[in-house]
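What follows is one structure encoded as structure tokens, with my remarks underneath.
A, B, C, D and E are the chain letters, set down in written order, and residue numbers restart from 1 in every chain.
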Amino acid sequence: MKMSEWTPNIVVFACNWCTYQGADLAGSLRYEYPPSINIIRVPCSGAIEPEYIVSALKNGADGVLVGGCHPGDCHYKEGNHKAVRRFNLLKRVLTGMGVEAARVRLEWISGSEGRRFAEVMTEFDRAIKEIGPNPIGRDGNA
Amino acid sequence: MKVGFFVGCNTAFNRPDLEQAVRFALPALGVELDDLEGQSCCPTWGTLPSIDLVGWCALGARNFALAEEKGLDMVTVCGSCYGSLAESKHKMLHDPELKAGVNAMLKEIGREFKGTSNIRQAVNFLYKEAGPEKIGAALRYRLDGLTVAVQPGCHSLWPSEVYVDPEEDSFHPAVLREMCAALGASAPYYSRLTDCCGMGGMRSTDMERSFKLVLTKLASIKEEIDPDLIVTGCSSCLIQLDTAQAFLQKDRLIDYEIPVLHYMQLLALCLGADPQQITGLAKTNVSRVVNRIRGDENE
Amino acid sequence: MSNAIAEPQVIDLSLGELDLVDEIKELGGEELLECIQCAKCAAVCPMALAGFPFFNKRVIQAILIGSRETLLDDSSIWACQSCNRCTEICPRQVRPFEIILAMRRVAVREFALPTLTTDGLKSLFDVGHAVYLKEAGKSRKKVGLPEKPPSTLAHPQALRELQAIMRKTALAELGIIPMGEAEVAGSCEV
Amino acid sequence: MPRIGVYICHCGENIAGAVNIEAVREYAGTLPGVAVAKDYLFMCSDPGQELIRQDIKDGLVDRVVVAACTPRTHEPIFRKAVEDGGLNKYLFEMANIRDQDSWAHWNEKDGATEKAKRLIASAVAKAGLLEPLQDRFVEVTKSALVIGAGVSGMFAALDLANMGYKVHLVEKEPSVGGNMAKLDKTFPTNDCSACILTPVMVQVGTHPNIELLTYAEVASVEGSIGNFKVDVVKKQTYIDWDKCTGCGDCVNACPAKAPNEFNEGMDNRKAVYIQFPQAVPKKAVLDLDHCINCGKRSIGTQPRTHSVTGEPILAPCEKACKTGACDRSVAYDPAGERVTLQVGTIIAAAGFKAMDKAPFKEYSPQSPNVITSMQLERILSATGPTEGEFKRPSDGKKPATVAFISCVGSRDKSHHSYCSKVCCMYMLKEARLIKEKYPATNVYLFYIDVRTAGKDFEEYYNYCRDLGIKVIRGRAGAVDELAGDRLRVRAYDVDMCAPVELESDLVVLATAIEPAPGLPEMGRKLGINCGGEGFLKELHTKLYPVETSVKGIYVAGCAQGPKDIPESVSQARAASSSAAVPLTLGKVVVEPFSSAVDREKCSGCGICVPLCPYSAISREEVDGKLRARIDEALCAGCGVCAAACPSLAITLHGFTEAQIQAQINALTIGAGGGKVV
Amino acid sequence: MLKLAYLLAGGCGGCDMAVVDLSETLVDVLPQLEVVFWAPTVADVKYKDLEAMPDQSVDVGLVSGMVRLSEQEHMTRVMRQKCKVLVAYGACAALGGIPGMANLHTKEEIFQTAYFDTFSTDNPDGVTPQTKCLVDGKYELTLPEFYGRVRPLHQVVDVDYFIGGCPPHHSFVGQAIVAILEGKLPPPGSWITGGKAVCDVCSRNPGQQGGERELITSVKRTVDGAPEEGKCLLQEGYICLGAVTQGDCGALCPKVNIPCRGCGGPIPGVKDFGLRAVSAIASSLADEELVDQIPSPVKLFYRYALPASMLGKKVK
């Protein structure tokens, strides 16, 4: 595949109470961001299993972003606290396994941060384009 | 302590007596001066800042690099130098891309901007490092009974976020007033204290309009305080207020003349410097005030 | 109230050069579009107080409607004192002074700059000082100082460093500074 | 094999304008398990819903995917349609191809179309694995909590109380009344604020269904709609309110002074004080921070005895008290008293704070004659520090010239970027009050824009201008102090194209409406997000303006954003109606998206137990082995336990591991990810 | 009579020892077994003997060890062809095992270390293993190819059953063999195990002691002092993987103060042992900072299961 033809495939796990709302708000305010962003709605960032992230990567997603509520704002009190611990430990494992750290990202985006949602997604898409296609699944890794 | 003395253009060429005042007053208060050999223009607003953002910062950064290499802060008596250098540093520290661009340029002359040295405005520097009390105790002559009007100068006030001595309420600056009080003078508030003097780009572009600002300012000073002396914190304000009065008198817009000195000149005087060396280039008649301060009035 | 502008000209909005906005943003006036024309900056702008036709608020509005020529035909932008009081008080964090600087950069690229500015730039290149009085040596000596300050003026190697940097700026591209060997200017007072 | 129906909405032009509906519908028809793929102009309309109902009735589909707007607003509508068609309503999934696709990628039509395909594939993949779920119902405690007893909170409480429900009304100040009690007159009718508010305060104080908890704050909130458990801390008053009659004798006797908050710090109150004369409840409070312990009578100590008379030496306040309410020998607990309330619904009406003048250095806030609008309200009010006399603070002289400055802290990125909405009108009102009472006063208003949108507001503006109030378009840039306590306002008159100066005796800053201090913290206790501006966020700006993201918790008044009194009252009454619905029904539906343990798989490791924020998980013995158990009534469905379970024994219904995995596969492998092309 | 074939692929032979450890139990079952092939440790049969047997003629085949060499792949395929039931026996065969950690390195890196860099290596000609080489100019020798990665058995052939453990505990081996003999087997693809975690049988499980689990407030290494008697190791801060690991071993390690390292393999249904451990352990940390105190997380969580993980090997 020529690089010029390649557009990233990005999976975003969005907490129903903040980042998912933030994405809705971004849309209703018509803030643009790349269509490479694909959202999967989850009730809480604390419901995201490490397997989801790795499985997306293994399937060839070029970037995975977890979007949760700002610390202290979790709809379920502390689901995002669990999410950040898992994410950070997973990130250590992934980098140890040779996955570029920039391919996975955790962001706190609230329901009122429509603009920020669009900005973060645009930036993430740009960052992923910079590091190029995900080699996993393309070189017989799994 | 030791600092680099950033002389700038106006002080060096227009008012070297002010330069001499700094070279007298700071060492007298125990501050050793380093010449930062090879320093240049800050560069001032109407030049590179108006042409090329990176070029502006690169020239400023070169001056900073000279100080950084010696591990010194820089002190200046010129508001424009203070403003231009402080702002370029602030920009470079907050924009890594800009800093990298500047350093790419500096690399070719074997220098690097790190951001470790500060540019300090002389009056605020003394206020913080020596303090009014220590200064008061070191004086040979005092200004008791003298009323002065202060002109801190815009560039030591705004934008407050770029300066390293931001404890002042920039809309109600008190440092210069306190520093004059430390010399024994009374330095009352007047309502146009923070107004601009009209020097700089405006004077070069349209001298008549520039003098309009001085006139408004002088009127407020004369009516509200009627001081013996105007004291500035900035060499540009010094030049403007010192030279504009003759024009205004000629045009019969004012019928008075208030002597004008930079604070560092006044301080050097109080510390016993030779008046001729440190005030000798004033256009306003400062000798009466000088004599009064030194008790030479009857000589 | 004498300084109110008495003779407004009709401006044909359809002739506005709307790309001026992008140009300004590119040249350092990033926050331009945050301006809501509240006029707070104008309330304290020395240029407005001194009666210049254009100053922070009006420069911004002229840029917003793309009135490039109006700004280039007038010397107001060069009269800005850089006092930065507008930067301090602007409720929208527009940094109006930066926009004036950016507008100057636009003007320079169209060679719409005052002679004094050109002289100052040349002097900066020639001796390292934008403000330079050739006769100053005498007055320096008079007050007991060496003829030259410890700057680029007294240190030729340092001047060469400065010139090396300046040759990499837009000045050289614009041809404002000489590309070859320097010829020392007389005096220049900006 | 499930038979999935995919229904694609055009949303008029909203989706169809960016997404090629025809291409997407064709693609959807090729997805595994899809039996029917249709599109319609407005899927949420009755004919649109009928398409779904009919296909279900015809036996064509047994799972439904609607590709339309956001499930946050439309999921309930389509679930109802699915149920009406005869299917379990949870056999439904939405693909958000409007808010998260066409709207965001309007200028990339191809990208938007491809993304719509992926999102639908993802929804279809999940739909194939959906399982029927049953709603749960919980009994509702038939009482409500209203937080904040300003005009919004009081109306909300009264409405609910009048419907016959028990209402707990919690207010942090000693009296109800809120900010409105401080106002002099109110626009657009210029009613006296006290005249219209005090009767409401009395009603609130005497209503048999309202339990007033003033000088109290919410400490914690647990539970969910129908059954909230709320801990309230009643702050220590150091006066026995059961005995206090509000006579004010202790106040008169007290020699210690403190700045008077009710008068915006412009005069002093006593250390023991009654918040204001019309306070409800009219009870005294002792402010220990300012009490000087007269006669060495610190709280909780026995009085010394007079060496001659043998009488106990009492502090003036307790000596003056005839009822024994003020007794300093009582060892009061400084922490106050904790009360636990059980309520079915909650209304948050915590109000606002008008900004202080201190941050606005360019306006010389150090001058006593530079005041905020709220301070002017107190000066104009008959109960204020000047008893309604128009006097300036520095010397009590009547100002001959007054300047108002608008948008102070509003539309200001350094403070609040929003418009505070009420300032234009309250400035006009204050200007008018001055001008009507003292027609000779020169009144200048410095504006950015005059915004008087509202019923009868423009008429009000015109009336004010007729009074001779001068409106200058141009935001003031500086206020200088002049001799004689005068001030110089400097502005640029946009209409005159000239800088202007005005010497004035009084400058009034129309400071911004900002969230009450502690609002974000309260939001966290309630589980409601604050928006970027710091106000409590409603569920949906247009459709669900009083609901919040937490079911059973509603919002009213300025806690949700700046608004005037008419709007606050409207919203309060809307919130009370909404909050009454669950109370009236007596039971509420709880979505079945809770977690459940498969005991066959559970190893009893207990990892899940401490993770549950609702303490819903415990372990119990089953055949001699420990196994986890989730109390469905307590489970809120966050999924933290399911995601952490080492044995994969916990399933989060509605978001199962298999369903999400199917979505991931659809979005990646299904979209060509991971393949070398 | 049940025909049994046993192949040691890329393993250490420890699993074979576990079978021997059955001692008397082995004596009981031996009369019912006919060992047709057990290479290379027990019976003297050659590869060609197995290759010569008719397809599907062996009732049960056990393979221990992982697949790294072409020889191992070949023999594994032969086993699959000849055996009706094929069992991945032990951590290496089931998950990749300890040798699987080599998947964090490329073949080149491994050769560099093994044939050049180590202190005791003397290799002046820079020789590395070749698949063919000529000895004395006339004897052509062939060597198996060294693959780029370690694979567990199921990544090479279809596997009917999995048995974990490093080595599998002997009592459990017995149970498995009995189950095979009695034909009481779960559906193909399953683990022939209890399916419960070590915690289920561990006396240190806080629940076993009437208490309840709490969040972990510190992270310790086994060298950092000794755990309190009887207390849950994980609770004490020692990263014990007992909650994530099948406990057919009877929690032997925790009994002697050793945190479970996961040799029993994941609970059936778990796709990726390490990721389950990440989720369970990270969720249980009281403090966010503790995440960074967990030492070498890849090697800790994938000690036995790296090749069977979702990523399988280090990404380039």
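Keep this in mind: a contact is a pair of C-beta atoms (placed from the backbone, for glycine too) under 8 Å apart; a residue touches a chain by one contact, two chains touch by 3 or more.
Chain identities (UniProt): B = Heterodisulfide reductase; D = Disulfide reductase.
Because the structure is predicted, anything quoted here is derived from the model rather than measured.
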Mutual neighbours - chains that touch chain C and chain E alike: D
Set of chains whose contacts include both chain E and chain D: A
Farthest chain (mean CA position) relative to chain C: E
Chain whose mean Cα position lies farthest from chain A: B
Chain nearest the global centroid, as defined over all protein CA atoms shown: A
Centre-of-Cα separation between chain B and chain A, whole angstrom: 53
Approximate Å spacing (C-alpha centroids) for the pair chain A, chain C: 45
Chain centre separation (chain B, chain C; CA means) in Å: 21
In chain D, residues with contacts to at least two other chains: 362, 478, 611, 640, 643-644
Multi-chain contact residues (two or more partners), chain C: 49, 88
Contacts with 2+ other chains: residues of chain B: 170
Chains grouped in pairs wherever the two touch, ordered by label: A-D, A-E, B-C, B-D, C-D, D-E
Interface residues, chain A side, partner chain D - complex: 1, 7, 9, 11, 16-18, 20-21, 23-24, 26-28, 30-44, 46-49, 51-52, 55-56, 58-62, 69, 72-73, 75-79, 82, 86, 110-113, 118, 134, 136-138
For the chain A and chain E complex, residues of the former touching the latter: 49-51, 54-55, 57-58, 81-82, 84-86, 88-90, 92-93, 96-99, 135-136, 139, 141-142
For the chain C and chain B complex, residues of the former touching the latter: 27-28, 46-47, 49-52, 75-76, 78-85, 87-88, 101, 104-105, 108, 113-114, 116-117, 120-121, 124, 128-133, 136, 139-140, 142-145, 149-152, 154-155, 157-159, 161-162, 164-166, 168-171, 174, 176, 189-190
Interfacial residue positions of chain C with respect to chain D in the complex: 1, 3-5, 8, 34, 36-45, 48-49, 57, 88-89, 91-93
In the complex, chain E residues that touch chain D: 195-197, 199-200, 205-208, 212-215, 242-244, 247, 267, 269-270, 276-277, 279-280, 283-284
